[in-house]
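Consider the two complexes below, in which subunit A is the common component and subunit B and subunit C are the respective partners.
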Partner chain A sequence: METALFVAWFEECARLVRADRDRLTRLDAAIGDADHGTNLDRGFTEVLKALADSAPGSEAEVLTTAGATLIRRVGGASGPLYGSLFRQMGKALESPVTLAAFAAAFEEGVVAVERLGKAALGDKTMVDALAPASRALALAVRDGVGVRQALDQAARAAAEGSKATIPMQARKGRASYLGERSIGHEDPGAASATLIMAALAGVAG
Partner chain B sequence: MVGLVLVSHSAGLAAEAAALARGIAGEDAPVAAAGGTADGGLGTSLDLIEAAVRDVDRGVGVVIIPDLGSSVLTARLLEEDGRVVVADVPFVEGAIAAAVAAGAGAPLADVLEAAEEARAFRKL
Partner chain C sequence: MKKLINSADSVVEDALNGMAAAHPSLRIRDQVVYRADGPRQGKVGLVSGGGSGHEPLHAGFVGYGMLDAACPGEVFTSPVPDQIIDATRAVDGGAGVLHIVKNYTGDVLNFEMAAELVEDVEVTSVLIDDDVAVQDSLYTAGRRGTGATLFVEKTAGALAERGAALNEVAAVAAEVNERSRSFGIALSSCTAPAAGKPTFDLPETDVELGIGIHGEPGRARVTMVSARELAGVAMEAVHSDLPLQGDLLVMVNGMGGTPLMELYVVFAEVAAFVKGKGARVARSLVGNYVTSLEMQGFSVTVCRLDDALTRLWDAPVETPALRWGR
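Moving on to the complex of A and B:
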């Protein structure tokens, strides 16, 4: 897994988020403040600009640049959360980037998100997609699965985790103010986390 | 004096809360507002908060008081042990209590404690 793959990951993130911008915003309109799609679209567009301007020389640098840009440019809660995910991954990533190194860095990134948002599995947040993806990566490493198949499994785990948020009652963020009315809607953060994992599986193929 | 940064999703709310806090605590209290996104929308800007922290930093600590959601998450990214602290307090009451304590020259721990006391303050 090399630098170009990580740049391609963010290009694909930007493309998928833009394509699904209105769906993300509709999900957020149901239980949030209806800006998730537009916020992330702006954030990832800025990430691509920052990557083009700084021409990062390593995988870790791509991740920390993307993370810092999301923190500064998104404007909503997903900015510091995704920003922390990528920044912490960048800090933790060891070279050469094997699947095992990537899985370990990803797990640290997810822990950073859980810590900052004080969210755990079942709270109806992006963690419900990210944590299963992280577990799928760890299992793939344990089983000696190839990179492409491992990332496919992680993307699938994220998608299943996101769908599993539909019957949940939110305990974090604006949706938590809705109480039981948050039940029956997919969490927009889990939905965007699914796109991010799908983007990685897509470019690794 | 300890500096105070008020972070709200709304630029107007942060600015008015800061004006209210200065009005009650005195103009000397270093209170800055960092509300909304960099382009004036609803949300949070790390750049605006960082600039506000620099603005009120007199070298004895800065307390950030966020309102909710992304304000809290973004503010927490700036935490520095013993230097930049995020207070988990009600926005208006905490801001005024902290500003009064800061304006009176209290050290960081006492400013934080004053802000924390605002959480238990009963109006009725």
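Moving on to the complex of A and C:
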């Protein structure tokens, strides 16, 4: 895994979020305030600008630049949460970037999201996609599978985790105000986290 | 969607340009609204903020006796830490800064990050969570902050204007929040410019009970009934959480799309309810103060006053949207 791949990851994130912007906003409209797609589109567009301007010299720098940009430009809850995910990953990422190093850094990033959002698995948040993806990466490292297959498994785990939020009652974020009425809707944060993992699997293939 | 905008992307910037042009008492820089005459040495600075779309909250409450700066985010999106950091540094007169934060995950996270990063200014935060429609338990994000925000900004602003210390200003802000409760009802949804269509579909025959201020659906949907019955639902919810007694400050707030005539219809019912409980409407406010774009509906916010708080409420204020006694 190398610097160019990480830059490509964010380019693909920006592309997938742009393509799915209206769906993310619709999911958010059902249980939140209808700005998730718009916010992430604006955020990842800014990330690409920041990466082009700063020409980061390492994988870790790509991640910390992306994280800081999301925090500074997105606002809402998704800015600080996704920003912390990438910034913490960048801080934790050891060189050379093997699959094991990436999986370990990703896990630290997810822990940072859980801590900041005070959310755990089952609260109907982005953690419900991120945590299964992290677990899939750890299992892939244990089983010694290749990078491409590992990232595919992580992307699938995120997608399944996101679908699993549909029957849940939200306990964090704005959707929690709806109580039982949040049941039956996919969480928009879990849906965007799925796109981010799909983007990584896509560029690694 | 038919809206008086140039484009969905520039709506906040364009609106702030308009505010700057209309109100010479304000100074606007990098999407932060300041008092043109600030900061004042030795005075505690008050900074609030949140998503745009709730006008006049917060930018309309920047001025003498209220806020020193407001940080408007994108529509229904909290501000970013950079805005809050800029505002905090700019309004510090050496006596520290109070952050007034509504309890929404995004607002809380961004204000927390900003407060952590501004190491050179003493910052205290007060969290507003007055909405009784939300069950306050371990299993939700906690009550939302809505109408009480205005009460807190006004009273804490008056105290800061008198030269009180940061801990005193923060204590009054927290006390007003403790003494205040709100409940909102929507007759229609609203359309965020970037989304382009109403956030939720609400049939002509129905209303949403227990809404927030972001066009999000409420706790329950029921058949439309009279203003008397709707006011009763809202006031029962408030009263069952914080019994109405003594002197009250009562606000009937429009959500942006309801005529003042209808808000007065509601206020009459609210006043009758208060009287029926043996309490007294000592101070009142009726109008659009904490809105949700063009949503039809109202919220009612009640604060149990004491003499000190009444004096702070009565103290002079001079802002674009709230002005008396000066």
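One rule holds in what follows: the second predicted complex is superposed on the first by the 205 of 205 C-alpha atoms of A that agree within 3 Å, B and C clash if a C-alpha of one lies under 4 Å from a C-alpha of the other, contacts with A are read in each partner's own complex, and residues count from 1 in each chain.
Methods note: a residue touches a chain if its C-beta (ideal position, glycine included) is under 8 Å from a C-beta of that chain, and two chains touch if they have at least 3 such contacts.
Remember, predicted model here, so these are calculated numbers, not experimental data.
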Partner chain in contact with A:117 - subunit B first, subunit C second, else both or neither: both
Touched partner set for A:174, first subunit B, second subunit C, both or neither: both
Which of subunit B and subunit C A:156 touches, first, second, both or neither: neither
Residues of subunit A touched, compared between subunit B and subunit C (which is higher): C
First, second, both or neither for A:91, with subunit B first and subunit C second: neither
Partner chain in contact with A:76 - subunit B first, subunit C second, else both or neither: both
Touching partner for A:18 - first (subunit B), second (subunit C), both, neither: neither
Residues of subunit A that lie at the interface with subunit B and also at the interface with subunit C: 33, 35, 39, 71-72, 74-81, 116-117, 173-174
Partner subunit A, residues of subunit C touching it in the complex: 51, 73-82, 104-106, 109-110, 113, 133-135, 139-141, 144, 192, 194-195, 199-200, 212, 214-217, 219-220
Residues on subunit A engaged by subunit B in the complex (per definition of touch): 33, 35, 39, 71-72, 74-81, 83-84, 116-117, 173-174
Touch list for subunit B against partner subunit A, complex: 37-38, 41-47, 69-70, 73-74, 76-77
Sites on subunit A touched by subunit C in the complex: 25, 29-35, 38-39, 42, 71-81, 116-117, 171-174, 176-179, 181
